[in-house]
Amino acid sequence: MSTIAFIGLGIMGSPMAVHLQNAGHRVVGFNPSPDKTAPLVQAGGSAAGSVADAVRDADVVAVMVPDSPDVRDVLTGEDGVFANAKEGTLVIDFSSIRPDVTVELAKTAKAKGFRLLDAPVSGGEAGAKNAALSIMVGGEATDFEAAREVFDALGRTVVHVGGNGAGQTVKAANQLIVAANIQALAEAVVFLGAYGVDLEAALDVLGGGLAGSKVLEQKRSAMASHDFTPGFRIDLHHKDLGIVTSAAREAGVVVPVGGLLAQLMASARANGDGALDHSGLLRGVERLSGRLSD
Amino acid sequence: MSTIAFIGLGIMGSPMAVHLQNAGHRVVGFNPSPDKTAPLVQAGGSAAGSVADAVRDADVVAVMVPDSPDVRDVLTGEDGVFANAKEGTLVIDFSSIRPDVTVELAKTAKAKGFRLLDAPVSGGEAGAKNAALSIMVGGEATDFEAAREVFDALGRTVVHVGGNGAGQTVKAANQLIVAANIQALAEAVVFLGAYGVDLEAALDVLGGGLAGSKVLEQKRSAMASHDFTPGFRIDLHHKDLGIVTSAAREAGVVVPVGGLLAQLMASARANGDGALDHSGLLRGVERLSGRLSD
Amino acid sequence: MSTIAFIGLGIMGSPMAVHLQNAGHRVVGFNPSPDKTAPLVQAGGSAAGSVADAVRDADVVAVMVPDSPDVRDVLTGEDGVFANAKEGTLVIDFSSIRPDVTVELAKTAKAKGFRLLDAPVSGGEAGAKNAALSIMVGGEATDFEAAREVFDALGRTVVHVGGNGAGQTVKAANQLIVAANIQALAEAVVFLGAYGVDLEAALDVLGGGLAGSKVLEQKRSAMASHDFTPGFRIDLHHKDLGIVTSAAREAGVVVPVGGLLAQLMASARANGDGALDHSGLLRGVERLSGRLSD
Amino acid sequence: MSTIAFIGLGIMGSPMAVHLQNAGHRVVGFNPSPDKTAPLVQAGGSAAGSVADAVRDADVVAVMVPDSPDVRDVLTGEDGVFANAKEGTLVIDFSSIRPDVTVELAKTAKAKGFRLLDAPVSGGEAGAKNAALSIMVGGEATDFEAAREVFDALGRTVVHVGGNGAGQTVKAANQLIVAANIQALAEAVVFLGAYGVDLEAALDVLGGGLAGSKVLEQKRSAMASHDFTPGFRIDLHHKDLGIVTSAAREAGVVVPVGGLLAQLMASARANGDGALDHSGLLRGVERLSGRLSD
C-alpha cells in the first residue's frame, strides 16, 4: 500500500481519492477550496493545506485539475510537486490537457528525477463514483505497471496506449467521437420531432441497430426531457475540442467534422449554455432550426 | 401461416426470404436476375417469373429493392403489385427510400384497397442472415400487428414508430447517426496514427468509455486492416444521406453535420470508392490529410 | 421591332418589361395578380388576361417567374406557351431554375417546334431598373443572336455560356459565390465587432485589397445598419442553394462550403428571416455567437 | 526625410524597402540571407549585418517577417530592436501575426519607451511592387500620423482602424474573406467544368454581376490555366486561418465557414501544395471530387 497525494478534489477527483483510500492506501488530499476535502477525510484520508504539504511524503502523486495551465502550476510551481516531492515519486496526471504540454512536462519530470504518466479518463461522474472509468495511459511501461494498483482501484478499462502524451492523444480522440455522437443524435432528435415521430420508440429501435452507442444510451433521456444537468459540461468539452483541432492541425491531420463540432460547441458556449451537460448541444440544433423551446 | 411474395432477393432480401420460408410460411420469390432465387428454392420456397406471378396468390407481399423508383415500379407498374395482387393484401416495404415517396405510395395503396407498411431495417447483411435486424415500422397499428409474425422471423428489435413514412424517417435518422459515427471514428483513427499511438490499444479503451458504439465494435477491424469489403456500400449510404438532407431541408431542420457528411460521402463516391463498405470513409480522411496509403 | 409577351411582372419582371417597351417593342404583359401590370401599361404596353392571350401573337415570349414548377406551368400548361403560341416562337426564360428542368423543357420545346433560351440574370432589383443586368444565356447560338436586341435592352454583361441549361448552371455558380461572399463578410463583421474595431474604417481598407468585392460594396451598409430590406430575399437564395447542392451532387462535384452555406441559409429561413435581404445572413452569425441584437 | 531600418527583405519587404529609398528616405536593410539586400543597395540604400546594426541610428524601424515568433525575435531578442534602437523610435510592423502577440509586444514596447504600430498589408507581391498596398493600421493616432509619409510611399488604401492589434484583427478578417472567395470560386469552377460550361465565358458574366470580386479578377487565370505559381502561398494563408480561428474562438465568435476553410487549407498543405499560390485551393476541390488533373 502506498502513500498517495491527491491534488484536485472536484466532481471527479473527490470520489477517486475516496476509492483509493478505501482500497487501503493512505491518501492525503489537497484542493484550493478546502471544503471539498470532507468526503476524503470522512473516508479516513487526510487533508493538506498546500500542494507542497500533500506531496512531501507521497510515493504517488495523483493530479486531477481542469486544464493545461493548472497542471503546469501543480507540477512546476514553487509550491508544486517537482519542488517538494521526493525524487523518484510517480506522478499520475488524470487531467485532460494538451498532449504537447504533457510531453513537455514529462521531459521536465525526467530531468528532475520524477516519473510522469498521463492518464486521462472517460466515463464521467458516474464512472468516477462507480470506479468504472476508462483510463488511457501514456508513459513508460514500467511506470504503468507500478501504477497498476492505483488504476485498478478506479477504472474498469485501463489501457497503456503508448509513450508520454499518448494518453492525452487518445483522450482527444475520445472527445471528438463523443461530440460527433452527441451532435448527430441531436440532429436526429430534432429531425424526428419535426416529422412527428414517436421519439421514445424511435430511440429504442435506433439503439438496437448500428446507430447504437453509449451516448445514445446515456444521453437519450436528457434529450427527451430537455434536462441538461451536468454530467460533463459544455465548457470542458469546448476546451477539449480546442485540443483536438489544434493537435490535428499540428500533425497535419484534417478533421472536417471535428472542425465543425468545435464551432458548434463554441456556439453553445457563446449562447450561455457552457454550464450545461454536453447533451445540451441539442439546443444548438434547435436554435439553428428556429425550434428552441425554452 | 401465410403465403408471402418476396420481391427482391439481393444480399439482404435473399436470407430474409429464406428465414420466412423456414418459419413455416409459403414464400414465392421474384428477382430480376433469376439466379438469385436458388437459396430460397433450396429452402423449399418457389421462384416466380414476374412480380405479377409472385403476388397473385399472396397474403403478404414483402419488398426489398434498392431505391425509391424501384419500389414505385414494383408497386405501381403494369406487372406490379397493385395491378395483380388480391385486394386487401398487406404490402411490407423493407426498402430504404424517401419518406415522401412512401407517404404517396401509401395513399395510392389505400385508394386501391391495399395496406402498406414501410419497414426499413438496420443491421446489415449479418443482421439479415442472423434474423437480428432492427426494423422501424411506419403505418397503421392494425397492419403492424398483422405483420408481427413476419417481423418476428426477421428481426430482434421491431418497433412501430408512427404512421406511414415514419419508418423511413427513422431510417434516415439512423443513417445520419451511423455516418457521423463512422466519420468521427475515421478522423480519430487518422489522428491517432499521426501521433504514433497503438491503434488496437486505443480502440480498446475508447470502446470501454463514452465513445463506445456499435460502429466502433463492428468497423474497427475494417479500419485497422484497410479491408473495406462490404457490408453496406458507400453508394447506398450516399443515397441515404441524400434522403436525410432533402427531408431535413423540407422540414426546416438544420443539420450542419449531416450536410457535411453528405459532401464527404459524395467525395468517397467521386473518388471511386462507392462499392466499398461505408467504413471506407477512412480513405476520405486519409485523402484530405495526404496519407492515403493505397 | 418585335411583339413580346412578358410573363411575370414582379420586382424584376416589371422594370424589364418596361425597358423592352421603351426600346420600341410592342410588349403584352401577363401577371397572376393583374395590378402589377400598371407600370407596363403606363409605358405604352398592354396587359393580357391569360398567358394564352399574351403569347398568341408574340414573336418572343419572355418569362420571369420564381421557380421550376412555375416555369413548367407557364410553358407546358393548358393555358401555356406551347399550347397557344405560334410555332417557331422564341422563348426566353429569365427565371432562375433547376438546370435539369431547363434541359427537359428545351427538349419539349424543340419537339413542339419552339426555340428556348435559358437566360437567368444577376444584378437584382437595381440591375433590372437600370438595365444593367448580367445575363447568362444557354441555348443555340442562332437563338442567342436572334435574342440580342432583347438582351441589349436589359443588360450590361450578356454572355452566351453554352447549350440549353448552361445559363442556369452559371447562375447556380453565381449564387454559390455570392452566398459565400455574404457569409464570409458576415463572419468578418461579427469578428471585427467582437474586437471593437471601427467597422467603417475596416470595411474601407478591406474593400481596397484582395477582399474587395461587389458584395462588400453593395451589402456593407445593410450590415452596418442592420437594415435588411430586400433586395434579394433569403427565401430565394435558399431555393438557389438547393439547386446548387443538388446539381453538384448530380454531377459528382463536392462543394463543402456550398453544402455548409445551404445549411446556414436554411437556418436563416427556419428562424423567420426568409423575407429579409440575403445580407441578413449576418443575423445567423450573430445568433450562433450569442450576439443577436434584435 | 527619415532614417529607416527595414528588417526582412523577402518578396514583400524588398520592393517596399526600395520604394522608401526612392521616396527620399535613407534605408538600411537587414535580411538573414544577405543576398536579398541587392535591390535595396542598387536603389541607393545600404545593408546591415545584423538587426542591431540596422536599427541603431534609425528614426523608424519597419519589420516584414513571416510569423509571430519572428516578430518577437526581431523586437525582443538580444540582437533586436528594443535592445539596440534609440528610445522613442517608431516601430512599424508590417507582418501578419497574431493580434494577441501584437498587443503584448505593444505593451513591452511602451514600457521600454518605444512606439509600435501594427500595419499588416493586403495586395500581395503586385501590390508591394506597385506601391498599391492596402494597409490596415493599429496603434496610437499620433503614431499613425507620424508614419504617414512611410505609408504613403507604399500603399494606396491606408486606414487607421483602431488601437494596437486592430490592424492584425482586420488582416485576419481580410484573410477569412479572401479564403472564402477563393474556395467558392474553386467550387464554382469545378462545378462549371463538370457541366461542360465554357469557363471563360462563365467567368466573364460572373465577374459582371454580384459575384464579381478582386479574387475573381486576379485568380481566374491561375484557375483556368492551373498555374499556381505564387503570389501568396498556401502555407502562409494556412498560418493566417489559424490566427482567424483561434482569435474568433478567443472572442466567442462562431465562424462556421472560417472553420471549414481552415480544414480545407490544411488539407491543401497536407497534400504537398503548401508552396503553391492560394488559388491552388482549386486542387482541393478537384481532389475531393475525384477530378485532380495533374
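As written, the chain order gives the labels A, B, C and D, with residue 1 at the start of each chain.
The criterion applied here is as follows: a contact is a pair of C-beta atoms (placed from the backbone, for glycine too) under 8 Å apart; a residue touches a chain by one contact, two chains touch by 3 or more.
Everything numeric here is computed off the predicted structure, so don't read it as measured data.
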Fill in: Pair exhibiting more inter-chain C-beta contacts, A-B or A-C
A-B
Worksheet item: How many Å are there between the centre of chain A and the centre of chain B, using C-alpha atoms for each centre?
Response: 37
Discussion item. I'd like to verify one number: the distance from the centre of chain A to the centre of chain D, where each centre is the average of its C-alpha atoms, in whole angstrom.
Written reply: 40
Response to the item:
chain A and chain C have mean C-alpha positions lying a whole-number Å distance apart equal to 52
Worksheet item: In chain D, which residues are in touch with two or more of the other chains?
Response: 252-256, 260, 263-264, 267, 270, 288-291
Fill in: Chain-level touch network, classified as line, ring, star, complete or other
complete
Worksheet item: If you look only at chain B, which of its residues touch chain A in the complex?
Response: 99, 121-124, 127, 133-136, 156-162, 165-166, 169-170, 172-174, 176-181, 183-185, 187-188, 190-192, 194-198, 201-202, 204-216, 218, 244, 247-248, 251-258, 260-261, 264, 285, 288-291
Worksheet item: In the complex formed with chain C, which residues of chain B make contact?
Response: 242, 245-246, 249, 252-256, 259-260, 262-264, 266-267, 269-270
Worksheet entry | chain C residues touching chain A - in the complex, by the definition given at the top | 256, 260, 263, 267, 270-272, 287-291
